[in-house]
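In structure tokens below, several structures.
In what follows, subunit A forms one complex with subunit B and a second complex with subunit C.
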Partner chain A sequence: MCRRCSPSNLIWHVYILAVLVFLYAPIAVLILFSFNESKYMTHLTGFTLEWYTRLVENVRILKALENSVSIAIVSAVISTLLGMLAAYSVRRAPYLSLKLDTLMVPPIVIPEVAEAVSLMMFFYMVGAEYGWLTVFIGHTAFNISYAYVTIKGQIHSISPNIEKIAQSLGAGSFAVFRRIVIPLLTPALTASLLVTFITSFSDFVKTVFTTGPGFETLPLYVWRVAVRGRATPELNALATLMILVSLVISIYYTRRIITKLGESYQKQG
Partner chain B sequence: MRGVEVRLENISKRYGNTVALKDVSLNVPRGSLFTVLGPSGCGKSTLLGIVAGFIEPDEGHVFFDGADVTGLPPQKRNVGMVFQDLALFPHMSVFENIAFGLRVRGEPEQAIREKVKSVMELVRLDFQEYAGRMPHQLSGGQQQRVALARALAIEPRVLLLDEPLSHVDYSVKILLLEELKRIQREAKVTTLYVTHDQSEAMYLADYLAVMNYGTLEQVGRPEEIYDSPVSEFVARFFGDINIFPGEVAGLGGASKIGVRLERTMLSKTEPRVGNGIVGYMSGRIVEKIFQGPHVLLKLETDYGSAKALLPRAESSHYNVGDRVFILVPRTGLIVFRQRGSGRY
Partner chain C sequence: MKRGVRAYFVPAVVFLAVFFYLPFAILLLYSITVPEGGFTLTNYIDIFISRFYLQVMGYSILIAVLTTFFTLVVAYPVAYYIVFKAPQSVKPVIITLMIAPFWIDFLLRAYSIKVLIEPLGMREGFTTLVYGMVYDFFPFMLLPLYAGMSSVPPSLLLSARVYGAGGFHILTRVLIPLTSSSVLAGSLLVFLMSFTEFVIPALLGGVEGYTIGYAVYDLFFKYRDIYRGSALSIILSLGALLGAIMLSRRVKIVQKMLSE
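Up next is the complex of A and B:
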């Protein structure tokens, strides 16, 4: 009996196929029906781009898109900056490392609902007006943790002697940071920006708890429309676009950043 | 380039309960190549860090040409450094690495280019071929040259080298030591070279300091330290030596006597004391190790093990298992007392 058609091998292949089908079939169907002429998801009738053109005409969707993207960008930039400073401070003061880890890791592992509720109560207590700012603060609160963890790893791979040499050559702290540390951290900073952008862009739970009347992001819009039983082909088109954005970022991330991070670890390690 | 005279005065440094440096005073003459030799953990890197300005001493002062620089941060000391891991900037080309110090000083582009060219010439790296390369595209030896060129480009007042060759293969190391010596002579820069490798120290040093447990055991010219080590530690760490228990007439009390391996003589017949021989003992050859021009003989005696380094031709008379007499000559005899020593 050949090795490839042994029973265990067959089971293995079936298993992999099943995993792929369960993972990707719903997405494939969704994408397929976003181009379907018929309004109903029961049968395919023909190809159309109508649902996509309708998206662009839908003011509510455009507003939600604007909210989602603006929050994701600002949150990604700010949390990456703060995460970088936190990670760098650990390098300057190693005794802070454990303390900061203890502070930074919980937001990643605490159930999001619990975190979201506590934030909602907090905003209520301080009398904040729910909207862009509260959602942004909510997203940034956990994004800092992701940024910190992503960047800290790479800061450790830079030899402390590199900074010392730069200093001995006449560079003050700021020049060392700008000319040496930041350029060497570029792969980690890019990774952090992408991760935090996607986390914010696709977040639902925290957004629900921290949003206010009249303010919604794309995931909120999708949920509100879908929950009223109006899962139109328009939603399929919207979801398809959101998947596309995530895919592009994740492919860029894995192809470029992960390899770069790996290289820099090898070079400096 | 201008080198300065570096003077350390009563430097002490503690880390918690550990004493890294204890009351160290040192004078490094202008333009000299000064080597600090000591085992790992003896405080020699701390000493270098204090001269560079990365470490603040608990007590004591650092002077460059008589001016107190103790409180000055590293970026204002104008000191060139090379570390063991070289720490080239991995994201910059060879040119940018070497130009870094000049750029942060805001030198004009044309001056930077000329300076980089001239230091690359000094360390013998071809400008056309290497200026545009990235550090990871260079061999280990070339990386060493870039690191040195980067340190020299700022025309440092002092050049500090922290075990720069300890990761280099032996054959490359010899070549780089020669180069380093030449470059140091040409640049006339005061250089402090820290190492745990006595062969590097012997090869390079104009002056040498042997360090142990945070103190300078002995400072002097290499020949002086080799011929008259003040302690057993110095004698063993700088060169190799046979040490036997012995009493020296006129000194009183117990002492030890030391003989360098190449001065230790062997004889197959029982010798007579006098005529340049102050004593002898019998022993047996247990091992014969070929070392190129010399042969190292390991011996067992009633007073412990001993070694003798013989020219190859002479060594052919001796074989493993032979009973021989080990002769202690008058010339080169080193006497160790409780503290301090002298030549007999």
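Up next is the complex of A and C:
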């Protein structure tokens, strides 16, 4: 009579558990070894925070962190701003909106490696100095598209009537935008800022092609250490911190998208 | 006033024109040039008659097909479970846990596999590479599948059962046809991304990690052959665009997912 404990449900629970192990075992092992005394990742020998203290003392990592965070923040803000303006401008012009989509979507679709080499050659031709600015431009070039797509999905949910009422009460177009549209778009803007921040923060391909000598972001550091030779405990400590940051963002964000997504599809169905 | 609002899209378009479309035009131009000057298609022909590049391309396709297949096989039941089976009380938790890795840095997830294989005694190579790919691309498959599965009315499954359909028939005659567009969407998304991926193969593939994305990287950084490098990049881009046009529906699902 116990529905939950029928054999078929048991199989389901085992399966879901197995998938969760598949998803989280690598992360768990990585976190575990970041606290491990031994330099070698074969046995657990004892607990230490040494790798974390080394991390904090590592000037290169701190510099890379600073670069990553500053580029991600500026890129997220600027691309969200431009994406919002673009999505807003065509909200009641279906034809123009379709045209704009065609222009804005390719940066998401084209393989990043192709986008990256083309930008590298462009910077070479104009004689730009590779570094913060070139990496920032590279990230922003695809972030604008992500921001546009993210915000556009929600801009239609603002009823034109609200804007009309505000206008009829004497608000100018800028006042309508600032006092009505932006507050109503807050969830979309938050989503856009998060998506673009994370995309920039964790970008590797575009960065490796547009960076210059001596300019490093965190993923470039991870790559440089990880690709030659083996995993190191110091890198594990860094990875653990980065993973924790993303997990916090994701748990906040995923719950929101997924419940919404589920609801909206359920409604359609 | 209205015209003023309309012009708001200009900054974004100008930015993309200068930093996306113009560079792409340069890439296109290089791909049909030779060092001595003059326009030609030899760069493309070189790639298509070169055994080496065809082999690398074939190998990358194999990896992409395997990645797509395994992510689909693993994620499909998960999507089904979340939508139809999971008890309401744990549903949000399971969804969050399943999707959360999506947000973790791609490179770091590949790196975590590298850490994991050491105590397991596994080595870098083809198997580890595919494992890493499946691991990294799983959320990209699950999201569209979940969206598609959510749109299947539970009453249809119930009525199929009432009319005597067994589990197998419900799966093949009802569920799979109803979710086919999201299966296609997820598969194409994962296929295209894994085809040109080079971080995971480089990190986990060892000597078996040479894929087409890596070949582009090498053409530019190792051989300094920007002409053939450009041609190869254009080929990959056109392939991706074609795939995307075929599946603009999938783009809509992703749009929906990002915007809600």
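Quick note on the criterion: the second predicted complex is superposed on the first by the 232 of 269 C-alpha atoms of A that agree within 3 Å, B and C clash if a C-alpha of one lies under 4 Å from a C-alpha of the other, contacts with A are read in each partner's own complex, and residues count from 1 in each chain.
Throughout what follows, a contact is a pair of C-beta atoms (placed from the backbone, for glycine too) under 8 Å apart; a residue touches a chain by one contact, two chains touch by 3 or more.
Keep in mind it's a predicted model, so treat the numbers as computed, not measured.
Looking at A:Phe122 after the superposition, I want to know if it touches subunit B, subunit C, both of them or none. Which is it: first, second, both, neither?
second
Contact-wise, after the overlay, does A:Val222 reach subunit B, subunit C, both or neither (first, second, both, neither)?
The second partner, subunit C, only.
For A:Pro183, using the defined touch cut-off, is the partner it touches subunit B, subunit C, both, or neither? Pick first, second, both or neither.
First partner only.
More residues of subunit A are touched by which partner: subunit B or subunit C?
The partner that reaches more residues of subunit A in the superposed model: C.
Where does A:Ser159 make contact in the superposed view: on subunit B (first), on subunit C (second), on both, or on neither?
first
After superposition on the shared chain, which partner residues are touched by A:Ser168: those of subunit B (first), subunit C (second), both, or neither?
In the superposition, A:Ser168 touches subunit B alone.
For A:Lys39, decide between first (touching subunit B), second (touching subunit C), both and neither.
Neither partner.
Is A:Leu235 contacted by the first partner subunit B, the second partner subunit C, both or neither?
Only subunit C is touched by A:Leu235; subunit B is not.
Quick check on the output: what are the common subunit A residues between the subunit B footprint and the subunit C footprint?
172, 264, 268
Taking the complex as given, what residues does subunit B use to touch subunit A?
Interface residues on subunit B, with respect to subunit A: 52-54, 73-81, 83, 85, 87, 89-91, 100-101, 104-105, 136, 150-151, 154, 160.
Any idea which subunit C residues touch subunit A in the complex?
Touching subunit A: residues 1, 4-9, 11-13, 15-16, 19-20, 22-24, 26-27, 30, 74, 77-78, 81, 83, 85, 87, 92, 94-109, 111-116, 118-119, 135, 138, 146-147, 150-153, 192, 195-196, 198-199, 202-203, 213, 216-217, 220, 226, 229-230, 233-234, 236-237, 240-241, 244, 251, 254-260 of subunit C.
What residues of subunit A sit close enough to touch subunit C in their complex?
4, 9, 12, 15-16, 19-20, 22-27, 29-30, 33, 41-43, 82-83, 85-86, 88-90, 93, 96, 100, 103-115, 117-122, 125, 137-138, 140-142, 144-146, 148-154, 172-173, 177, 188, 191, 195, 198, 201-202, 204-205, 209, 219, 222-223, 226-227, 230-231, 235-236, 239, 242-243, 246-247, 249-251, 253-255, 257-262, 264-266, 268-269
So in the complex, which bits of subunit A are touching subunit B?
159, 161-162, 164-172, 175, 179-180, 183-184, 264, 267-268
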